[in-house]
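Dropping the structures in below, format is structure tokens.
After this come two complexes, each holding chain A, first together with chain B and then together with chain C.
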Partner chain A sequence: MSLGKFLVRRILQGIFVIWGAITIMFGLRAVSPGDPANLMLAEGATQELVEQVRREEGLDQPIYVQYFDYLQGIVTGDFGYSWQSNREVEAMVIERIPATIELAVAATIVAIVIAIPLGVISATRRNQPSDYGATLFSLLGISTPNFWLGLMLILVLGVWTGVFPTGRRPVGLGEAAMTFAQTGSPGDLFTWLRYITLPALTLGTYFTALITRLTRSGMIDELGKPYVTASRAKGLPNVLVRYKHVLRNTMIPIITVLGLQMGTLMGGAVITETVFNWPGLGLRLIDALDARDWPLMQGIILFIAVAFVVINIVVDGLYSYLNPQVRE
Partner chain B sequence: MTETEMDTTTRNTNAEEILRVSGLSTRFFTQEGQVNAVSDLDLRIERGEVFGIVGESGSGKSVTARSLMDLIEPPGEITEGKIEYNDPDLADAVRDDYPQAVDGEYVDLLEVPADVRESLRGTSFSMIFQDPESSFNPTLTVGEQLAEAVEVQRRASARPRSTRAKTQDYTLASFALSTVLPSREYVSEESRERAIELLEMVGIPDPVERADEYPHEYSGGMLQRAMIAQALAGEPDVLVADEPTTALDVTIQAQILDLLAEIQEETGMTIVLITHNLGVIARMCDRVGVMYAGEIVERGTLEDVFDDHVHPYTEGLLGSIPDLEGARGRLQPIPGNVPSLLDSEMEDRCYFADRCPNAMEDCLDHPPEYDADGSADHEVRCVLAERDYEESRALPEGYFGETERPAADKHADPDRTEEDVQPERAEQPVDDSGGDRL
Partner chain C sequence: MISDRVKSNLKQTLSESLLPKIGLLLLVSIVLMAIFAPLLATHDPTRTGYYSEQGSEYPPIGHEYTTQVASEGEIAEITVEPTSEHVLGTNNVGQDVYSRFLYGARVSLLVGILGTTMALVIGVPFGLISGYYGGRVDDGLMRIADTMLAFPALVLALALIGVFGESPVMVPDPFVMAGLADGMPESIPIPGTVTIVVALVTWVWFARVARGEALSIRNEEYVKAARSFGTSNRTILLKHVLPNSLTPIIVLASIQVATIILIEASLAYLGFSGTTLSWGYEIERGQDVLRTRPWVAMIPGIGIVLAVISINLLGDWFRDALDPNIEGEAR
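Here is the complex of A and B:
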């Protein structure tokens, strides 16, 4: 199958998935209790005012008309206005994307940097103390709830020792980089780094644990394959057998997992962002949920669906690039 | 034992022995207990000959091959014995550091550190495996994998006397550097070019294009040719071929054997050929050892084993080959199962006695190797070499109880998994001489 065909097929599938997400969200909104007009207006608003809002928002129309209006809006790039703040949903989503991506990438880097060496050590020193240590670590990592870990990190590294700051970050990566480019002062970059460390560790711990396990079991699997014995038999240095052959092959499925995790993280790590007051999509989603701000919720979910689909296509492409057996 | 050893040493004064294996025992320490995959094995392999090892699945052939290559991995371990390799240069290089390992021009490979043994792989010893498809890394091109083998040789010949393992020269840091700097890659352009020559040499058409293809784009026979090319890259003294044709179609089998024979003739390389197929042995080998339950039960020249065999197991193996010319009637399978190699279940007797049609009271003692009629090399681990079968001394039928015993020897074959064992057991009685598929 050519790359073009592959892309077309996957994009069509993706559009279908996104449409499904939109429709489900719309359905949920339609069946959820409460009159949106009441939500939008202050308490004690007159009946006329309520009726007026209902007309303006098209809420007096039959449900299918509302649905097609909404779909039409999305296709033309109109995602509606937040009920709560009356701002454009589009802008409210876009302004939160950088923080979410920064956190997702940082957490993934934490996972890769710690997990892969740990997994390799674990697999190559099977049933030795270092393996047990790595196994214990990953069990703890997988079973520790994020909110607890986040709170503990804040308490120990933030409040007690003061190594890392707590509270809402004062500067994003974009601004910090801009300052650095303009003034040459890396101060803001350091501030940014100090603020992102704890959330990234919190969010990354689970993935670190997961990837450690996957690396270990994948590598043990690969090490048992006949081509490893054959490579040793031809006299290839152990380092090359282990890293050029075995680790490389182990990484192929792990890259898929990492990609899918990135997709999940694009929706914002709701719990971690809440604990650290991290200005990402997850926090905004929770706020929207609290206020029953449906247009904003729908906008965020739509972004999550699109991001997920795009990342999946990229991961599949990457997988077939790395694995020649599925390439053609 | 000592008698036999003296025998062999005095006998082979003219032909140079490249490999002397004595008392080799390889055991696997599994949860079910100790598995004696290879016990007290002696081999004398002469320079330039093709030595065949034949036996059923689970007889210890593959473990023997891997022991020679130092490819036994935990829970397996070579527990005893000597593997002496004739290499004057190596002997000189290690004489000072490991005097106990050196005996004249011979070096006992089990007495030198693992990295010295490792330094011999590819350049002194090389191996061809049974299943070419799984013996290549699926994600690297065939050319690249061959070039790696060439590079091993190139780097080794750059410093001929060094016995340091290549591992020590090539560290994780070198690898990390090579991922960033293409010029620091392990495999050089020259090696890649040589890999293409090797592919051409083993008869692969369009070698330049083929070198850039992945293993799954090759057919099984092509891939086995590529593996032979890979094994030849290091210009080894000894080539261990472990069931090189088993995974291939019958027509391809013949081509591969022809190729091996041709290469052997050209290079004068020594080949240790491991197979369950007596047809392959007859076609390729100068001398043969028949393996059963981890030991060699009969050895000698082709004529000794095919025409003058003494051991009923050899007889049984030959009886289960279809004879297309003679009207010998039905095939004669060997009744019963490959014995368990679990130490706790191995009694001190002839291991074949429970399946042997001629088992006598004498067989309750483990037989030594006796000289037998035929060539001077003909030896057999069976009392029938010394005395004739006597009905009066025969063991009563059912003496060993139910002969269908669980095949607990699955660890004897490192490539075999539990799933493989089940159907094989169901398939008994034995047809695993493989038939004469040629």
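Here is the complex of A and C:
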């Protein structure tokens, strides 16, 4: 199968999955207890007002009509209005995306920068103190709930030593970059960096641990393969063999696992944003859930599902490009 | 079902390496702690130390550690640092941190084990049927599984709890019923909805692993032979396919207990739990007093980390002993 054909098939599958996700969300709303009209209105609203809202929202229609209206709305990009603030859901989702992406990217960078060297050291110095240290670290990393880790980082690096600030960030990357472009003063950028460090460490630790484990076991496998012995016998320097060939082959399975773990990253972002009061999508999702604000909640969850499906298609494409055998 | 070869592999791995020993020791301690919580606890974990003059919300009767009296209409907060009376201090509503630590183990382990069992019961038949029959059945079932996987587990769990609420199930305490632990709560709340929800968001992993096994087993000679004798598909699934796919399922189950404990703690931290005895809930409460009483958030977190580490170590041990070829990172 060619790469193009493979991708087309994956995209069709992805569309089917997204349709399924939309249907699940609709089903959840349909079975949820409580009349939405009552939730939308203040307590003590008159019966006429409730009826009027039901008509306006199409809640008096048969369920299949509501379903097709709902599908139509989503296809045309209309996710409705938040019950709490009466603002457009699309706008409320879009304005929160940058903060979440900043956090997710920062966490991924933290993970890759720490984990790959750690995994390589661990694999090449097996059963030495540095290997034990890395193993212990990765065991702790995959076993620590990130909300607790976040609080402990706030406690130690924020409250006790005051190295990093602990409140809500005063400035986003976009504004900070603007200020820098206009005035040439990097002050805001530094502030941004100081505020993102602890959240990025919190969200990134699980992935750092995971990638360290994968790099270690992958490198150990690869180092035992005949081509390594052959390259060494040919006289290639160890460094070249390790970093150019072995590490490269180790990366392929790591990319797949990272793709599969994007869901964990997104779930982790929801929690991390709550701990640090980080103004991203996750924090807004929790607010929407607390208020039982259905349109907003659905909008955010569907956005996350679509993002997740798209990321997985990209990862699959990347993987099959690197390793054509999976297309068979 | 568990052959002698498997048993000897398990024993050998255990005697050869240190980590499985640590994991086993830790897990046994935590399980004992959870079972005997009412005997080990020094205080009723649910009894608050609030004192309200009006006494409506927090009745003051029998609060031996209510030492301050608030002025009219005001609520006094009685929190103490670790002392001989409260070895780990009290939380922001005056409850004993040590006793709550013990009871938290009960909630975590029960949700972990029950949730995993439910996920297994849904996922394994689903996967076995999908893999064994193949073709259209497989396509249809796997699309359902893919759709479930389109949601990050925690996000789907949040959506489900948003819909179904968070009702706790009161489980009576055998020790108190037998009169062995006076003064302890007669029953403890276990988060019922959360247990079902964590099963609903994790069964897909069992389905995937079971499907993979069924796919390879259905082409084995003995299955073909059974089929040629006219053995029904149901019998083949139960007698041949299921027993032979158990190994990776057991490995996955052990890891899933840890994953589910983490999901439960996260949900409780986010305020969607249904029980105030959860470690995650306690950490959320400790966040408010992080600056002044850091131990409130610190202690339950240590509980989660130790429980999850011990289970992960055991999972690694099973994996190494049973089947070195399977990936351990299915979460």
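Following the convention adopted for this analysis, the second predicted complex is superposed on the first by the 312 of 328 C-alpha atoms of A that agree within 3 Å, B and C clash if a C-alpha of one lies under 4 Å from a C-alpha of the other, contacts with A are read in each partner's own complex, and residues count from 1 in each chain.
Please note the rule applied: contacts are C-beta pairs under 8 Å (C-beta built on N, C-alpha and C of every residue); 3 or more make two chains touch, one makes a residue touch a chain.
None of the values given here were measured: they were computed from a predicted structure.
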Worksheet item: With both structures lined up on chain A, is it a clash or a fit for chain B and chain C?
Response: fit
Practice prompt. Please work out whether A:L322 is in contact with chain B alone, chain C alone, both, or neither, and reply first, second, both or neither.
Written response: first
Item to complete: Would you mind checking which one, chain B or chain C, touches more residues on chain A?
Response: C
Discussion item. By the touch definition at the top of the document, which applies to A:G263: first (chain B), second (chain C), both, or neither?
Written reply: second
Fill in: Partner chain(s) touched by A:N249 [first = chain B, second = chain C, both, neither]
first
Discussion item. By the touch definition at the top of the document, which applies to A:Y227: first (chain B), second (chain C), both, or neither?
Written reply: first
Practice prompt. Could you tell me if A:G235 is touching chain B, chain C, both of them or neither one (first, second, both, neither)?
Written response: first
Worksheet item: Taking the superposition as given, does A:L289 touch the first partner, chain B, the second, chain C, both, or neither?
Response: second
Response to the item:
The superposition places the nearest Cα atoms of chain B and chain C at a distance, in Å, of 9
Fill in: Touching residues (chain side chain A, partner chain B) in the complex
225-227, 229-240, 243-245, 248-249, 252, 322-325
Response to the item:
Residue set of chain C touching chain A in the complex reads 143-144, 146-147, 149-156, 158-165, 258, 262, 265-266, 269-272, 280, 283, 286-287, 290-291, 294, 297-298, 301, 304-305, 308-309, 312-313, 329, 331
Worksheet, complete the sentence: The residues of chain B that touch chain A in their complex are 66, 69, 71, 118-123, 126-127, 129, 131, 134-140, 145, 148-149, 152-153, 156, 165-167, 169-172, 174-175, 186, 214, 216, 227, 230-231, 233-234, 415
Discussion item. Quick check: in the complex, which residue numbers of chain A touch chain C?
Written reply: 13, 16-18, 20-21, 24-25, 28-29, 31-33, 139-140, 142-145, 147-148, 151-152, 154-155, 159, 210, 213-214, 257, 262-264, 266-268, 270-271, 274-275, 285-286, 289-290, 292, 297, 301, 304-305, 308-309
